[in-house]
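Remarks on the structure that follows.
Every chain is named by a letter (A, B, C and D) in the order it is written, and numbering of its residues begins at 1.
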Amino acid sequence: MKNKFVIRNKVLPIFLLLFSFFLFGLHTSSAQEMGIPVAAPISSAEVPAPPMNVAAKDAPNDNGHAIIVKWKLSADDGAGNKNVLSYEIWRSDNPDTGFVLRGLVPAGTSQYLDRGARDKEDKNYFPSHKNFYYIIRARSDGSYSESTVSAPAYAYGQWIHTGKLSILFTTALFTFFVVLFINWAKKGKKLYVRPIAGIDAIDEAIGRATEMGRPILYILGLGSAGELGTIASLTILNRVAKKTAEYQTPLLVPVADPVVLTVAQEAVKAGYYEAGRPDAYKEDSVWYITSMQFAYVSAVNGLMLRERTATNIYMGVFYAESLLLAETGNVAGSIQISGTDQVAQIPFFVAATDYTLIGEELYAASAYLGKEPLLLGAIKAQDWGKILIMISLILGVLAASFHLDFIVNLFRIKL
Amino acid sequence: MGTGEIIWNGLALFMTLCIFSILYRDNPFYRIAEHLVVGVSAGYFAIILYYTSFIPKVWVPVVHEHKFYYLVPTLLGVLMWARFSRKWSWVSRYPIAAYMGIGMGVAIPVTMQTLILVPLHATMQPMGFTSMALFNNLLVAGGVLCALVYFFFSKEHTGAFGGVAKVGIWTLMVGFGAGFGLTVMGRVSLLIERFTFIRDYLQNVLGL
Amino acid sequence: MRWQIPLLIVFIGGVFMAVQYFVPLEFSERIYEYCVDWIIIVGVFAMGLGLWSLFRVSVSKIQTKAPAWKYNFLTLAGLFSMILLGLFSGIEEGKAFMKLFWYIYTPIQASMFALLAFYVASAAYRAFRARTLVATILLLTAVVIMLRLIPLGSVSGLNQNVASWILTVPNMAAKRAIAMGIGLGGIATALKVVLGIERSYMGKD
Amino acid sequence: MGFYEKLMTMDRRVVYLAMALAVAVPLFIPFQVPIHTTPEVKSVYNFIENLKEGDRLLIAIDYDPNAMAELHPMALTICRQCFAKGIKLFFVTLSQNAPGMAEQLVSRLSKEFNKKNGVDYVYLGYKPYPGLVILSMGQNFRISFPMDYYGTPVDSMPIMQGIRNYDDMKAVIAFEAGWVADAWIQDANGRYKLPVALGLTGVMTADYYPYIQSKQIFGLMGGLKGAAEYETLAKAKDRIASRGMKVQTITHIVVILFIIVGNIGFFMSKRKQP
């Protein structure tokens, strides 16, 4: 619902845990217990041809607790007698004895990732650096055949994930651009930045609120403090606070996350400092309501209607509440400026607020508002990033059209 | 429905009507629901956080499992409370710095992957003029290019460049219109659900 | 102490976590999990600050008799009853804690969400005017997509094709371009934080 | 203020009231709205219509209760059409959370049509690992389902006499809320050439259109809309989906009307003041 960052990191381990339980169940229970009848006595089936060329090797790009097994399909799988139903993967640390069932895959599959847990206490513990042997069984309805024992293989961890090399390379390149252009900016190079409608509107809107003697409402959205949209919004909040401190316009910042509460307080305080009015900063101008999406929105909506805020600024990470806020602000007669990095919510902000910073414009605004050369350097880097994307895209589309798949594959991520 | 259920569901119905009353204007009923739900939800969230995060991440590792390296983040957490004091409030920068550093570090490669490389790779499709599918691939790639031009900040949008940027903003607007139009159905479904709840309650309790 | 060390923590944390993503080794995994727990734990303690903030603002509204101040008693009552019930009577299904959640929070949440059906209509009415070419494109696309659900005889088939073309071609292009822009802006922002250039979240002394 | 200005600046509460009525009135007052039917739904309907009494169909109820609102109406309508025509139905479910829900559906229908378990239909129940179950059923239903959901050995049932595998089925109609749809396409159709038709949740629908073009599925019903189309084709009595769709249709008309009215006001008032 909200707080995507934290939730993701909370849910992921749980999911992985559950998933390992699932795998564990798959590996240790016999096929019969799993409800897959192994040998229901229906017909006297012919014994299928055995799978061939079983080869085991360490699974790449992992933490060293998995082996990948490949084999050649049985001659009766999809051809011949066509009676192969499934393959069973059996493993032992001794080539002659002690094989246990590790997994089961449907016919037509010729590889299996035998992954285990990394903790010794785990029942499904898969030791690293220990040799294992594999046998593959081809099952038909009522009968089976076995491959020969594979050569030994052991699992070990890798230092670098080769499937993520494209991410590593592009991230490094872009980091280089950012550092380069920030240094450029430090040396005093003039950088042009085109006008962005929503940004100029912020200044006007603050002026309007001052004339009307009514407060400005600043909403940081539902993102956690670790989300990029929230960070961009904090910078904008800092600039807005500086302006409101200069004009002595009240600023209301209700937030939906306790960590965001602290960083927003700091950003506002810093704004008042920069304006030379630290004494005018009131800690309660930034306050926490609740972290639950719709309860938060109901309170903010009530606030808008009662305080008749002159200007509402929505910047950051927004979900379904975007339109609830924007429509209520409209009823209250406020000027509204919005910006979000949530693609699905941009349409509602575009429709219901006066100015919208679309996607990347939100980040540009955070750099642009201060006109600090250091921050502007990053905008230049972003533009170079776009040029690179466009060149890659043109190359990629041409390569795909002429079936030069190796170029397209440069951009592929294999997880 | 039993008596208990009638009362509880009656409360739910009352809350529903309180919220809907905002459509007319701000009024005491809406304020009741609004203020009540703020308290209830904040309390709920705090308690859930206590049971799902504090207990398994702080209490159990430190007290039961004796993983004392969990005292480091716990100490950082406690430092957040330095904010209660004006003098020591700067100490809370330490936990915030750790929070930000970790958060940003995790975000950088993941953002590069999911927001840039995945859509970029997905757009690299064969194009051509011989079939509708191939032509559409070309249009998608072209649309992406034009929209990216719109996002250029360090060059004025004039001349041919401005023309391309204009096509870009048209593409974006088509996307926004589609997003808006698609959403209406889901929102109406939610309203149907609420109305059905009201109707069922009235039918069950009042025999309407 | 006040600046250098926190900025150093941000830098080290950022670089380490970014690099960690590319190292699948077991210890890298374990450190990642440990660090994610840091974020969760800091968040738990921050919740104390959040509750204090909510409490203080509610109380001060009552003290200063701000507009609608009386209702703040409800906020405090809701807050304290949930916390006390949660701590002392348990949070299992059927307990008063969950009853309050199901019969106060849930209907309000569902109703707030359902308000969107009204707001979608009023926003469409107010905003979708063919003032400019751009606004007209927005309006026409929205209408074409909405017409999918309206039976128009033989026109429906054509409209269906146009709608699915819009969704799979220009809509897809727009979504991807926005995502890429957001990606670049977001990474640049994160880098600025890690490099200590962007630090407004840390305040000023 | 002139008439056209008024059209432009109607009170928002007029819009709210119109929406509230558009949702509430159809909930209480029955009436019908014509529904446009698409070829991918029609082909499922025609396929079933052209079956003869005693023909056999496999019905897969693979969604869990979360997707009930979208997929139940569809499943009900199709099963009713089949029972009314005297088609023998073989129910399976490959979703862990579905068996109870599917059982309710089956027993409700059997009561409605006075059909006998083991004679007119059989509910085989649930087995895990959808991919394996689908493949094994291509060999013999008994591999995965030696007994039905209620524990009766299938060989003791009249309906199972002489039934071995997909060759004895005319097609499978699979109601899906997830990836099992792919398993039916790849394994049942790909390996065993069983004709497949899918009933899907709304969000999934767009992704499966390509399979119609490649003839891997012969029909596709998407979400509430697909269900409403089917109810129209089958002239169903109990039209749950159509009722929901009716509200959707009316609300969408209301929204579009407001947009039109607003624009009429905008253009006419602009014309008056040059």
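Assorted remarks:
Keep in mind that, in the parts below, contacts are C-beta pairs under 8 Å (C-beta built on N, C-alpha and C of every residue); 3 or more make two chains touch, one makes a residue touch a chain.
Everything quoted here is computed from the prediction, not taken from an experiment.
Chain centres computed from CA atoms place D at the largest separation from chain B.
The chain pair A-C and the chain pair C-D differ in C-beta contact count, and the higher one is A-C.
As a whole-number value, the distance joining the C-alpha centres of chain A and chain C reads 14 Å. Note on chain placement: the centre of chain B and the centre of chain D lie 30 Å apart, centres being C-alpha means. Chain C has its Cα centroid 3 Å from the Cα centroid of chain B.
Shown for chain B are the residues in touch with two or more other chains, namely 19, 22-23, 31, 33-35, 37-38, 40-42, 44-45, 53, 80, 83, 96, 99-100, 102-104, 106-109, 111-112, 116, 120, 123, 141, 144, 148, 151, 172, 175-177, 179-180, 183-185, 188, 191. Counting partner chains per residue, chain A shows two or more touched chains at residues 5, 9-10, 164, 167-168, 171, 174, 224-226, 228, 231, 259, 262-263, 266, 288-292, 294-295, 298, 302, 306, 343, 346, 348, 350-351, 358-360, 364, 379, 382, 386, 389. Counting only residues that touch two or more partner chains, chain D has 12, 16, 19, 23, 248, 251-252, 255. Put simply, chain B touches chain A in their complex at residues 19, 22, 25-26, 30-31, 33-35, 37-38, 40-42, 44-45, 52-53, 80, 83, 92, 96, 99-100, 102-104, 106-109, 111-113, 116-118, 120-121, 123-128, 137-138, 141, 144-145, 148-149, 151-157, 172, 175-177, 179-180, 183. Of all the residues in chain C, the ones that touch chain A in their complex are 18, 21-26, 28-29, 33, 36, 39-40, 42-43, 46-51, 53-54, 56-57, 60, 67-68, 105, 108-109, 112-113, 115-116, 119-120, 122-124, 126-128, 138, 175, 178-182, 184-193, 195, 197-198, 200-204. Considering their complex, residues 23-24, 184-185, 188-189, 191-192, 195-196, 199 of chain B touch chain D.
Of all the residues in chain A, the ones that touch chain C in their complex are 5-6, 9-10, 13, 61-65, 118, 128, 157-161, 164, 167-168, 171, 174-175, 178-179, 182, 224-226, 228-229, 231-232, 234-235, 237-238, 257-259, 261-263, 265-267, 269-271, 273-274, 284, 287-295, 297-298, 302, 306-307, 320, 323-324, 326-327, 330, 341, 343, 346, 348, 350-352, 358-360, 362-364, 366, 374-375, 378-379, 381-382, 385-386, 389. In the complex of the two chains, the chain B residues touching chain C come out as 8-9, 11-13, 15-16, 18-20, 22-23, 31-51, 53-54, 57-58, 69-70, 72-74, 76-78, 80-81, 83-84, 90, 93-112, 114-116, 119-120, 122-123, 136, 139-144, 146-148, 150-151, 168-185, 187-188, 190-191, 193-194, 197.
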